[in-house]
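Consider the two complexes below, in which subunit A is the common component and subunit B and subunit C are the respective partners.
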Partner chain A sequence: MSSTEFGLKGTVRELLRYKGAVLGLTIIIILVFISIYAVVAIPYDKAVEQWRESEYWIKNPKNAAPEWINYISDKKLPKSIYLSGEGKVVKDEGRSKLVFEYNFGYYYDDFPSEIILFVNSNVTKSFYLKTSFLRPDGDLIFLGKYKIKKGENRIYVTNKLDLEASLEKHVEERLGAKPNFSITIEKALFLAYTGKQEVLKGDYEIKLEALTNATSKDVNCEVVIYGKVHGLTGTDHLRRPLSIALIWGTPVALSFGITAATLIVLMQLIIATISAWFGGRVDMVLQRVTEVYMVLPFLPTLIMISLFYRISIWTLLLVVIALSIFGANVKTMRALAMQIKTYPYIEAAQAYGASSLRIVFLYMIPKMLPPVIPSIILSVPDFVFLEAVLSFFGLGDPLLPTWGKLLHDALENGALYKGLYYWVLEPSALLVLTAFSFAQIGLALDKIVNPRLREI
Partner chain B sequence: MSLPILSVRGLKLYYRSRKGIVRAVDDVGFDLNRGETLAIVGESGCGKSSTARCLIRLLPRNVEKFSGNITIDGIEVVSLRDEDFNSKIRWKKISMVFQGALNALNPVLKVGDQVAEPLILHKKMSKREALEIAKKMIKAVGIPENFVNRYPFELSGGMRQRVVIAMSLVTDPEIIILDEPTSALDVITQANIMNMLKRLKAEKKFSYILITHDIGLSSELADKVATMYAGQIVELSRADEFYKEPLHPYAKSLMASVPTLREDKELRSLPGEPPSLIDPPKGCRFHPRCPYVRDICREKEPPSIDVNGHIVKCWLYG
Partner chain C sequence: MIPRIVKYIFKRVLMLFLVVVIATYITILIANAGGYVDEIIKSEIQFNVATYVQNNPAYKGLPPEELRKLIDSMVETQLKLRGLDQPFFIRSFYYLGNALTLNLGRSYFMTSDSGSRMVRLIILERLPQTILLFTTATALLFFIQLLGGLYLSGKYGKRIDRILVNLAPISSMPGWFFLILLILIFYTWLHLLPPSGLVDYPPPPDPFSYFLSVLKHMILPLSAWLISYTWIGIYNMRNFFLIFSTEDYVEVAIAKGVPPGQVRKRYILRPSLPPIITNLALALISSWMGAIVTETVYEWPGLGYTIAQAIGFMDAPVIIGVTVMYAYLLAFTVLILDIIYGFLDPRIGAAGR
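Coming up: the complex of A and B.
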C-alpha cells in the first residue's frame, strides 16, 4: 500500500481500466493535437484573415464535397484541373501571335462545376484572346474572343450568356432534338451526344491564341476547370476549405468548454462553501443572489448580450461564467458543505485555531472536490455546445472560424436542401465526438471517485 | 506548593435552544497542578465536554452565557479577546484531543502535514520546519516515520488516535484535554494508548484533563477525579480515595455499575433518566434518582462540603 495509489497516477491507471475512458481519452488527445497544430500552423491572425478574404481561395471549387467521397460512391466526381504553361510565338500571315495549348484527360462521371481563365498580361496595349475547345470526338467549339488588358484578367467562361445560347443550339444540332435537361456551358462542353446526361471521357484540348506580338514572358495563362470535390473536408459557398474552420474550431471549442466548465464549477464550489461556512448574513446574501440568478433565463440573457454588443468569444466566455457562477449547483454544493461543516475534523481544526479561510480552502473544498471533478468534465460538452449554438444563431465571435459558424453558414446557404451533407455532418461529427469523449471520461471518473457507482 | 497551572472558579456555560436555556455547565470549579491528571467522569450529557470546550474556548454560536474564572498559567482567559486567546493560549498552553478522534483528521491532508498544522498556525513556522518537528512527534507517539506521507484513511484506528495525540502535543503545551481519547478503540489499543500517555506524561510533565465515561479507564491515569452530574461537579477527590470509597450517592452508583474481574459482583444500574438541563430539579439535582433522598434534598441545593480534603456536594455529609 502506497499513497501514490490514490494520487493522480493511480486515478489515471484506474481510469484506463474502463474501455470507454480509453476511447474518450484517445479522442481528446487527438483533439488536443489538432488544437496544437491549429495554433502553431495557422496563427490566429492568419486564420481570421484567410477566413474573411474570399479572393484567397479563388482557385478552389465552390461547394465541393470532400475528396474521399469518391471512395464511397461509385460515381466518380471530378477533381479540379489546373492547366498552365508558357505560350509559343507563332507567325501567321506575317503577324505574330502567342499560342497556349493545354491537353488534359477527363475521365470522371460528372461535369465540372466551372471554368475560369486567368490571364496575366504585362503588355501595355490590350489585345484579344481567342479561345477554342477541342473534344475527344473532334468537335471544335469556339469559346469566344476576349479583350485582355494590362494586369490580371479573369474570364468566367461558364458565365457567358451568349456562349450558353450558342452552345445550346450546337448541342441540339448534334443530338437532332432538344435535350430533356437544361444545358449549361460546362455540361455542353463535356456532354456525350447520346441524349443522356453523360460525360464524354477522353483527352481534351484547350487552345488560347493571344493576338499580340508580345513574347511568351509577357503573358501568363492558367485555365482552371473546377471539379466537384476538394481536399479532405470540401469547401463552402465562398470556396473556403472547411478544414480551416474545423481545425481552428477545435482549440476554440476545447478551450471555451474546459475553461468555462472548470472556472464555473470551482467558483460555485467556493461560493457554496463560503456560504455554508460563514452562515448568517453572508449565507443569506449569497443564497438570495443565487435564487435571483436561478430565475434569470440563461440563454435568452446571453443571446441578448451578444446581440447588443457583438462580443468576441473571450468576452462571451466571461459573460457565460458571470451568468453561471451562481447557478443551481451552488444550492446542492452548499448542502454538501453544510454536512461537512459538522464533521469532527472541522471542529478539531477550529480547536487548534485554523482561520476561516484556511478551513474553507484547505479543509472543506478539497474534501468536496473529488465528487465535483466528474461534473466538471461532464459539463465541458455543455459549454462546447453552447458556443456552437450561439455561433449557429449568428451570435458567436464575429471573426473566428468555429464549428458553430460552419453550421450557421450551412443553414444560411441551404446546405441540406442542396444535398451538401458534408457541410453539416463534419462540424456536427466533431461536436458529437467531443461530447462523447468527455462524457466517457466523466462517467468513468464518476465511478472511480464515487464508490457507490462502482461495478464489482 | 506552587500555583496550580489551571484554576477554574464559578464557570458557567449556558446555551440557547428553542425549548429554553440549557445550563450545560453550571458553577464548576477545580484546580489542576503541573504534572497532574484530573479525570472528569459522568454520564453522557452531564456537561463534561462542554467544560472542556470552555477551557479551549470552542463555543458554539448559540451561547447564552459564558462566565466565571479560568486561569491558565497565571493568565485569566475568560476575559481575553479571541485574537489574544488564539495567539497566547490556544495550543501554546492548552490543547485538546478530540472526542471521536477517528474522524478528527482532515481526510485530504497527509499525516505529516496534519501534525504540522498547529506549528504553522501558532509558531509561524515554515512548512518545512514544521514538518521536521511533526516527524519527530509522530515518532514519539509510536508511529513509523515513513507514515508521514500517508493519508488518514490508510491508518488504523489506533494509529489515527496517536496522530491526533501527536497533533495536540506538537506545540509543547502545558495542559492537554483528552476528551474520550480511546472510545471506539479495542481494549488492547486502548491499553497501548493509555500506556503511551503515561509515558509522555512522565517524560514531559504534561498535565492532563481526562474526560471519559469509562471509570475503569480513568483509574489508569487519574491523580484526581471529578464526578459531574447535570452540569455540576458533585464530587472532587484524590483518585486513590475516590476509587476506594466514593462519597456522593451518584458516584457510588457509578462505581457499582463498573464490572470487576475477580469479585462476583452484581452490577447495578441507576433508575431514572438524566435530568433535563433546561429545567433542572429543584434542590439537589440528583434527588429524583437518589436512594438516600431526604426532605432537605428536595428543597435546598447542597453546598460543597469538605470531608478531609474530599469535596462532595451532598446533604448526607452536611
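Coming up: the complex of A and C.
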C-alpha cells in the first residue's frame, strides 16, 4: 500500500519521469484537443448528416488516396481538376450557340478516375450539348451529344458504354494493334500512343457546345476530371473524406473507452468491497453471480443484444458495463479487500460505531483506489477496440462515423484486395496511438503504485 | 476425513451446476430475443403454408372460407410440430431442459457442410478448426510467456528486461487488429500469404499438400495472436515471479549459495505453479470458443465464425448449443481445479489436514 505515500502531485511528478508516459500524455492531450475541435467545429447533427448524405460529396473522387502520398512515391497521382467558366455566344451559319472552352494542363503519372459534366440550365426548352476533347497531340475525340433539360444535369462521361466501345476501336487504330491492357474511357483519353500504359502529358482542351440561343447567364457548366488523390486523408467508396470520421471518431473513442473503463472498475471495486465486508450470504450470492458471468460468453452476448435491440452507442455502453462488472477482476479485488478488512483502522472505525456503508465507501474503497487506477487506464484501449469490434459486425451506432466504422467499410469494400492502404492505415494509426498512449501511462503508473516493479 | 472432501466436492458440483443453469437460461432469453425470434418463425410458417395452399391445384375451387380454415389448421399443426403453440415463457424451460441434457436439436437456418441441420453436427464440424488454430495459439503463448517471464525475472533491471518491458504496450492492441495489418503487408503488398480461409481453393487432393496449405493459412492469424498477446503476458509473468522471488525463503536460498537455475526451478516456479495452471486451464477452455473477430476477419471456418454467422441469422439453437457446451466445459474445468486444490492446498483445508 505504498501508493498512499504519493499524493496526486507526487504521482504526477513520478509519472513525468517516464519518457513513455510523457509521450503518452502528450498524445492524449492532442487527441483531447481534436475531440474538442470535432465537437465545436462539426456539430453532431452536421457530422451525422454529412456522413449519411452521399450527394454532399459528389465533387470528390471515389477511393482517392491522401494528397501527401505524392510526396512519398515517385509516381505522381492526379488531383481532381475542376473546370468552369462562362460560355461565349457564337453565331454559326445564322444559328447561335453557347461555347464553353476549357484548357488544362495534365502532368500526372496516372490516369484520372472519372469525368463528370455538371450542366445547369435555366432554359425551359431542352437542347443538345456537343462535347469534344482535344489532346496535346492534336487528336480530337468526340465525347458524345447529350440532351440537356431544364434544371440540374449530370453526365457521367466515363460510364458511357457506347463511347467506351468506340474509344477502344480508336486506340486500336492509333496503336495499330490490340493493347495488352484493358481500355477504359479515362485511360483512352489520356493515353500516350506508345503501346505502354502511359499518360500523355501536356495541355488538353475540352469544348462543350450548347445548341441553344440562350445567353451565357442561362447555362452553367462545370467539368470535373476526378483525380486519384484528395485532401489530407483521402476519400472512401462514397466519396466522403475520411477526415470527418477520423476527427469525429476521436471523441467517440475516448469517451466510450474512458467511461466504460472507469465505471466498470469502480463498480467492480464496490462489488468486491461489499462482498468482502459483509461476507456470508451476500458474499455467496456475489460469488455465484461472478461465476455466471464467467460462463456467459461476453462478446456473443453483447453482439446479440445490440443486434436484436438495435441500440445507440451510449445505450450499448450501459450494456457493456452491465456485462463486465462481475468480471474476473472482482476476485482479485475481493482478495485485496479481505486484507484491508483486517487493518487496525477499520477495527477502530467499527469500535466507534461507524456504519457499514461508511466503512465500505469512506474507509475501504478510497484505500483500494490507488492500486486499481493503473488497471482503469490499461483497460481503456480494450474498450476503444471493443467499439471498433462492434462496428465491425455492422453494429455499434447506426449514425455516428467512427474509426471502427471506417475499418469496417474498408474491409467490406475490399480495401485489402484493391491495395487501398490509406483506408485501413489511417483509422488504424489513430487506434494504435490511442492504445499506445493509455498503455504507456497505465504501465508507468503500475510501476509507481507497485514499487516492487520499479526499475532499478 | 473422507466425508469432508466428499461434502466439499458435492457442494461445488451443485453450485457450479446452478451457475451453468442460470447462464444457459440467460442465453436462451437473449438468443431468442425474449421470444421475438419465435414471432419471426411463426409468420414465416404462416406465409409458407399460405403460398403452398394457394399454389396447390388440389385446393383450387374451394370456397375462401374453407380455404382459410384449411390454412389455419395446417399452420396449427406446423406450430404444434415445432412446439410453438405454447407461450415463450413455458417453452423457454423446455429449451433449458433440452440444452442442459445436451439435446441440442436442429438449427433454424444454418447447415453443416454435409448439409445436416443438427446443431451437434454443426458444432462438431467446426470445433477441430478452432482447436487447431486457437488452442495451438493459446498453448504456444502460454509457454512463451511462462519461459519469457521466468527468464526476465532473473534479469531484473538488465537491458533485455527493460526492452521487453517497454514492448508491453504493443499488447494493448488485439490480435484481430494485427491480423488486418499483417494481411495488408503479406497479402496486399507482398502477395506472399493468403488473406483468408482454411485452405486453398480448390483444396489440394493429396493429404500432404492439403496439410501444407492449411499450415500456410495458419501463419498470419497465428503470428497476429503471438504479436499481440506475447508482450503483456511476459510482463505479467515477470511481475508475478518477481513478487515470488522477493519472498524470504528465496533470499535464504540465494544466500545459501543455491545455483540460480535451481532457485528459479525449485523456489520460484514450484510454489507459483497452482495459479499458473489455473490460468492455463481456463485459457485453453476459453480458446474453444475461438475468437469471433479474428475468425470473422480471416473467414476461418471455426466455432467463432459460426457464432458470428448464427447471430447474424438469429439462429438461436446454434447460439444456445455453443454456449451450453462452453458453460459445461468451463464449469467442469473449474470443478477439477477446485478438487485438486482442495486436496493440495492446506489453506483451503477441505482435505481436513
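The definition used in the following text is that the second predicted complex is superposed on the first by the 450 of 456 C-alpha atoms of A that agree within 3 Å, B and C clash if a C-alpha of one lies under 4 Å from a C-alpha of the other, contacts with A are read in each partner's own complex, and residues count from 1 in each chain.
By definition in this document, a residue touches a chain if its C-beta (ideal position, glycine included) is under 8 Å from a C-beta of that chain, and two chains touch if they have at least 3 such contacts.
Values in this document were obtained by computation on a predicted structure and should not be read as measured data.
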Contacts of A:366 with subunit B and subunit C, given as first, second, both or neither: first
Subunit B versus subunit C as contact partner of A:416, first or second or both or neither: second
Contacts of A:20 with subunit B and subunit C, given as first, second, both or neither: second
First, second, both or neither for A:305, with subunit B first and subunit C second: second
Larger contact residue set on subunit A - subunit B or subunit C: C
Partner chain(s) touched by A:314 [first = subunit B, second = subunit C, both, neither]: neither
Which of subunit B and subunit C A:350 touches, first, second, both or neither: first
List of subunit C residues in touch with subunit A within their complex: 15-16, 18-20, 22-23, 26-27, 30-31, 33, 36, 156-157, 161-162, 165-166, 168-169, 171-174, 176-177, 180-181, 183-184, 187-189, 195, 235, 239, 242-243, 246, 289, 292-293, 296-297, 307-308, 311-312, 314, 319, 322-323, 326-327, 330-331, 334
Residue ranges of subunit A in contact with subunit B within the complex: 1, 3, 6, 279, 343-345, 347-355, 358, 362-363, 366-367, 369
Subunit A residues within the subunit C interface of the complex: 20, 288, 291-292, 294-297, 299-301, 303-305, 307-309, 378, 381-382, 385, 388-389, 392-393, 407, 411, 416-417, 419, 421, 424-425, 428, 431-432, 435-436, 438-440, 443, 450, 452-453, 455-456
Of all residues in subunit B, those that touch subunit A in their complex: 56, 58, 61, 86, 90-91, 95-96, 98-101, 103-110, 117-118, 121-122, 149-151, 154, 164, 167
